[in-house]
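In the part that follows, the structures are each spelled out as structure tokens.
You will see two complexes here that share chain A, one where it goes with chain B and one where it goes with chain C.
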Partner chain A sequence: MIILYDYELSGNCYKVRLLLSMLNVSYEKKAIEFYPAAEHKTDAFLSINALGQLPVIQTGDLTINDSHAILVYLARQYDKSDTWFPISDPVRLAQVTQWMCFADSLTSSASSARLVNGFFYDLDGEACRQEAHRLFRIFDEHLWFNEREDHLWVVPGKTPTIADLACFAYVVLSEEGGISRMDYPAIRRWTDRVKRLAGFVVMPGVFPAGPGPVHVLPANDTFPSAGTAEA
Partner chain B sequence: MTQCSDPVALALWHPIAAIEDIPADGKQKTQLLGEVLHYRKMDDTRVSVHHGDRKLPVTLAYGYVWTCLGTPERDLFDLPEYAESDRRNVCAATVGVNVSAPRAVENFLDMGHFPFVHTGILGAEPHTEVREYQVNVDTERDEILATECLFYQPQAAAGSSGGVMSDYIYRVPHPYCAVLYKSCPTDESRLDVIALFLQSVDEENIRAHALVSVIDTQSSDLDIRMFQQNIFSQDKPILENQLPKRLPLDPRAETPIRADKSAIAYRRWLRTKGLQYGVLAAAA
Partner chain C sequence: MIDLEAARYRWHPVASSTDLVPRHVFQAQLLGREMALWRADDGNVNAWENRCLHRGVRLSIGINDGRELVCQYHGWRYANRTAGCTYIPAHPADAPARTICNNTYPAVEKHGLIWSGEKPDGQIPSLDVLDTTSITPLRGVTINVPLENIALPLIDYYSSGQRGASGDSVVHYGADTPDPFLLILHAHGHLHTSANAQAVDTPTPDIAFFFQPLDAARTAVRGVLCGVDEHNIGSAALIALLKQHSFMLCRARDIIESGHRDKPVPTPWTPYIPKVSDRHASMPPLTSAGQQAKLRVRLSAIENLSPSVKTFRFQALNTQIESAAPSVLPVAQPGAHIDIHLPNGLVRQYSLINGPGQTDHYAIAVKRLDDSTGGSHALHDSLKVGDVLATSVPRNNFTLRRDAEHTHLIAGGIGLTPLLSMARALDHSNLPFTLHHFIATETDAINRAELENMSAAVHWHVGQDVQQTQDTLSALLDAPTEHHHVYICGPGAMLGFTRETAATRGWADESIHFEYFKNPDVVDDSSEFNVELARSGLSLQVPAGKSLLSVLREHNVGVQSSCEQGACGTCRVEVLEGEPDHQDVYLSDTEKAQGNCLMSCVSRARSKRLVLDL
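Right, the complex of A and B next:
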């Protein structure tokens, strides 16, 4: 059984919960109170992850830190369709890696602004917001050009990748940091598509998509498909 | 930042931090009514609060530090349950929200949003009806009381193990604080208490503090805190999208429905008090 060291309000933990749910992998949560207890900086937790960061997963003797490393592991280990982390395609693999790095820059901007507003971190919230808007503009254009080619996801191709989930968390939570998505229509359409993926789950601050179709990925037979009678 | 000139808000006791969250040493900083305050833990029973060089009055109550920027007109409201020896008193959350304090009080009083915002926890479709309940203003204690509130809840508290019809009583004993009494899932004869203490950082930003005082021998403090933090975080985007951010006190500004009875009484009560901070005054 996978153990996820988790804080419900953490976007980085949310990325992992999303993929676990979408891949239909069962796991056990251990709550670590990030705020106000700062439990991730206690000796007990530092012995699990010396960096004092969430999330962490453990399975058997294996411990993996870092949300993106965990996404890579889960995709390789549990995704029968081999689409979430496309290792056989060098170009797409490079693009996935590039957008996961981009997602890290969202952590240091959009997520930091959220830490200032919601969790009283002593950072320059205005500078974080400015940087987030610069990144959102670039991201919105990228998604808009993808849509023109009928590519619905962050990395061009037929199926979403872990880069979608890596980028999704702090984009969809941006308003908590005072960053409106009003001016980014392609981003808003993309967040709606992610919300319609089979296995999508919400977290506090994230609402489900309105009524409409669930996007079942045809290649992945682990998904419970919406209309099967024999299920 | 405009200075607060509202005599009503200046004379109130305001919460600024959970006592247990204050580090043992060092000066801490926070903001109240637009003013920067510094505070420091002297020992477990004493906290000092300063506004610049001025020492402010302090009350330590219900797990939180309370202070007043003017001259307090009365003692902080009573919450006698806090002293009951078998209760678990947990300072459960402090969450920053970009909204005025009165908007957050009103949301706390509203049962109608439970099935849609706290889906599967405090409510669930199709159980969306807010039944008729009673609202009274207790003039002697100067507080609002809403009673006979009944609502179906799938997971009413951290210690719940299934859906129940929850009985609620709401008290509003302070313009920026509200207290909720609800059926205790583990002891039918008692009521759990959840209190919302709002710190007006400025007119449109709050720190929402929560006290949970329950009869529950099973849940850990962490379970109780995470339950409350999740609930607050679900409310946050709803509150932050309400416009105007200050609560309009003009009865014609927003159209209430019958389920909003307590909100109507609350707005009227604030009008009578002449509160100005965090509200939009009614047209004369």
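Right, the complex of A and C next:
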């Protein structure tokens, strides 16, 4: 049985809960109270992860920390379709890795802004927000052009990868750090698509999507000159 | 600065047509106002105020179910096109009045974009000077700079021969700005793709940039390419072209933003958002009808306060209120009352005299009245400690404001009870108040020691006859004082006199709060009328001799009630059409004159027909 050391409000833990649920892997949660008790800095927890960070999983003798390392492990170990972490395709594998690193930069910007707002961290919230907006602009453009080529996910291809889940958590929680996604329509559509994946689960602050197609784009972007109506 | 007022009458682009994918809600902004844009399954585009009528939650996080938009918070639903609210979970009839609608804005599609506006009265800008056989929208780009600062640097950027991701631009543009919201670039020359030495010419279409004023400090640039036919150039070339322009627009954006960095932040534009009434926008109580007996309480103590007044203290036996831990009773505000279902079958209302925050018991004070219709006798004579009774949850139709500069509490006899809980709350919060207690004899001065200990001035007026009482009241209400509020509870005649005096002296209706023990007037139920229920779609006949409330009940329309004699305010119903015949003593004269609600237990109709919000 997998044990997940978990904090309900943590986006990094949420990434892991999402993949566990989407892969239909059963596990047990051990709640670590990150705030206000700071249980992740107690001796008991530091003996599990010297970094004092969540999430961590344990299974048998194995202990893995870092949300992205855990995603890689779970995908290789439990994904029968072998699509979440595409090791046989060097290009896609590189792209997955690239976007996982991008997701880490969301942890130090969008997530940090949320720590300032919700958990009273002593960081420069405004600088975190600015950096998050810079990253969101790049991410939105990337997703917008993916949509143009009928690619629905972060890494071009037919199926989502762990890069989608890695990026999803702190994007979808960004409003809690005071980062509006209004200027990023392609990001907003992509979050709808992730929410419609089988096995998707919510966490506090994340709303479910209603039923709908994962994605539909008009056949082409070119419009006839006549407007449909004019008042 | 753009002319904000004129801009309200224009059409503006708010999204690309391709932004509105099925079952999605797009978050837009125009002139500082947020909009929720969504395409229904029938293709219709809705542009609505981005807020739920219930709690103001953004509808852009809601669910587009193809026909309706559903708020994520409490599930209020709004219909495609009308934005009429179609459903309020847990509402008595599970459906709101047809009259509750979110604010909508016009939305049309043209040039591959969605256009909207606050009250647009002109035409959508035409691109007739350009080749519009086909139009390709570029990726919209937001620039965090006010609209009037964008066109010039953008022209500079485009006309200075920029290097793009896919080629060297040797295109020269001639610029044309017909108005502050539109920039047209006429292309001269060609763009080659350096990737291909044979220089397959990439088309160099003319471009129209529409500027969308998001708010005072931010602008979206929505460009469209004119005359590029995807079928001729192929989709790869089209995407390359889109990428080229997206790259250029992002670079231009960065330049424009950094050039604007030290400029002062403009004053925000605050959109006016028309509101729906509070009653419509508040969560209705859970479905319930009639005199509810939700709680079971045990009589835990009886105490004599005076020869004729006893207090009764009740403790929770069990509770059906889910969240309340055992032995905790639902909290009551000062002025609240409960219905007590007495062993003899009577249901009576008693004000709680609890102090602030007491949830471990309910306390009432009851005077044994000789003309009582049985309530005080049942309590005084037949109840014993340990008896179990059913009560309603507390209801408050006599709410205490906590923002008054001074509060005057005026009690006649046992009418002290709701005012006692108010005095306890005011004293606890150190809010200034005065209490006048009119009593027949000294022995009626209940809780005197406690009241004397309070910081407020407390006056007992003992043994005054009608004239003396009226003189005292007249002196008290001599001249209206702003931000003073008067709360009065006592016999009907005393209340009637106080209300009249206050009105003639110029006190505003809103500053005089009263609670009757009972309705002193005789109800005239000789009229006949029709009622239509807007939400349930029923049409009912109320015959002479029957109350509106009882007819509603016969048709299973849930309306809460308590006193059922027009004194307590619980059975209030909103009137949408028709003229009510008010027979209650609960509503103020102003409220009665407004005619938009009535007490369904006693009031009837002057007109032949009433339309009710039920």
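Definition applied: the second predicted complex is superposed on the first by the 211 of 231 C-alpha atoms of A that agree within 3 Å, B and C clash if a C-alpha of one lies under 4 Å from a C-alpha of the other, contacts with A are read in each partner's own complex, and residues count from 1 in each chain.
Simple rule for what comes next: contacts are C-beta pairs under 8 Å (C-beta built on N, C-alpha and C of every residue); 3 or more make two chains touch, one makes a residue touch a chain.
Since the model is a prediction, treat every value here as computed from it, not as a measurement.
Visitor: What is the contact status of A:Glu8 with respect to chain B (first) and chain C (second): first, second, both, or neither?
Guide: A:Glu8: touches chain B, not chain C.
Visitor: Can A:Glu141 be said to touch chain B (first), chain C (second), both, or neither?
Guide: second
Visitor: A:Arg188 in the overlay: touching chain B, chain C, both, or neither? Say first, second, both or neither.
Guide: Second partner only, chain C.
Visitor: After lining up the shared chain so the two structures overlap, which partner does A:Pro36 touch, if you call chain B first and chain C second: first, second, both or neither?
Guide: A:Pro36 sits against chain B, while chain C stays out of touch.
Visitor: Which holds for A:Glu149: it touches chain B only (first), chain C only (second), both, or neither?
Guide: Second partner only, chain C.
Visitor: With the two structures laid over each other on chain A, which partner does A:Phe207 touch: chain B (first), chain C (second), both, or neither?
Guide: In the superposition, A:Phe207 contacts both chain B and chain C.
Visitor: Could you tell me which stretches of chain A are touched by chain B in one complex and by chain C in the other?
Guide: 207
Visitor: Mind listing the chain A positions that touch chain C in their complex?
Guide: Listed in rising order, the residues of chain A that touch chain C are 137, 141, 144-145, 148-149, 181-183, 185, 188-189, 192, 207-213, 215-218, 220-225, 227-231.
Visitor: What does chain B use to touch chain A in their complex?
Guide: On the chain B side, the touching residues are 18, 21, 94-98, 207, 222-223, 225-226, 229-234, 236-237, 240-241.
Visitor: Which residues of chain A touch chain B in the complex?
Guide: Within the complex, chain A touches chain B at residues 8-9, 31, 33, 36-37, 117-120, 175-176, 178, 204-205, 207.
Visitor: In their complex, what parts of chain C are in touch with chain A?
Guide: 15, 17-19, 21-24, 26-29, 34, 60-61, 63-66, 70, 72, 106, 108-112, 120, 123-124, 127, 132-137, 139-140, 142, 218, 220, 228-230, 235, 238-239, 242-243, 246, 250
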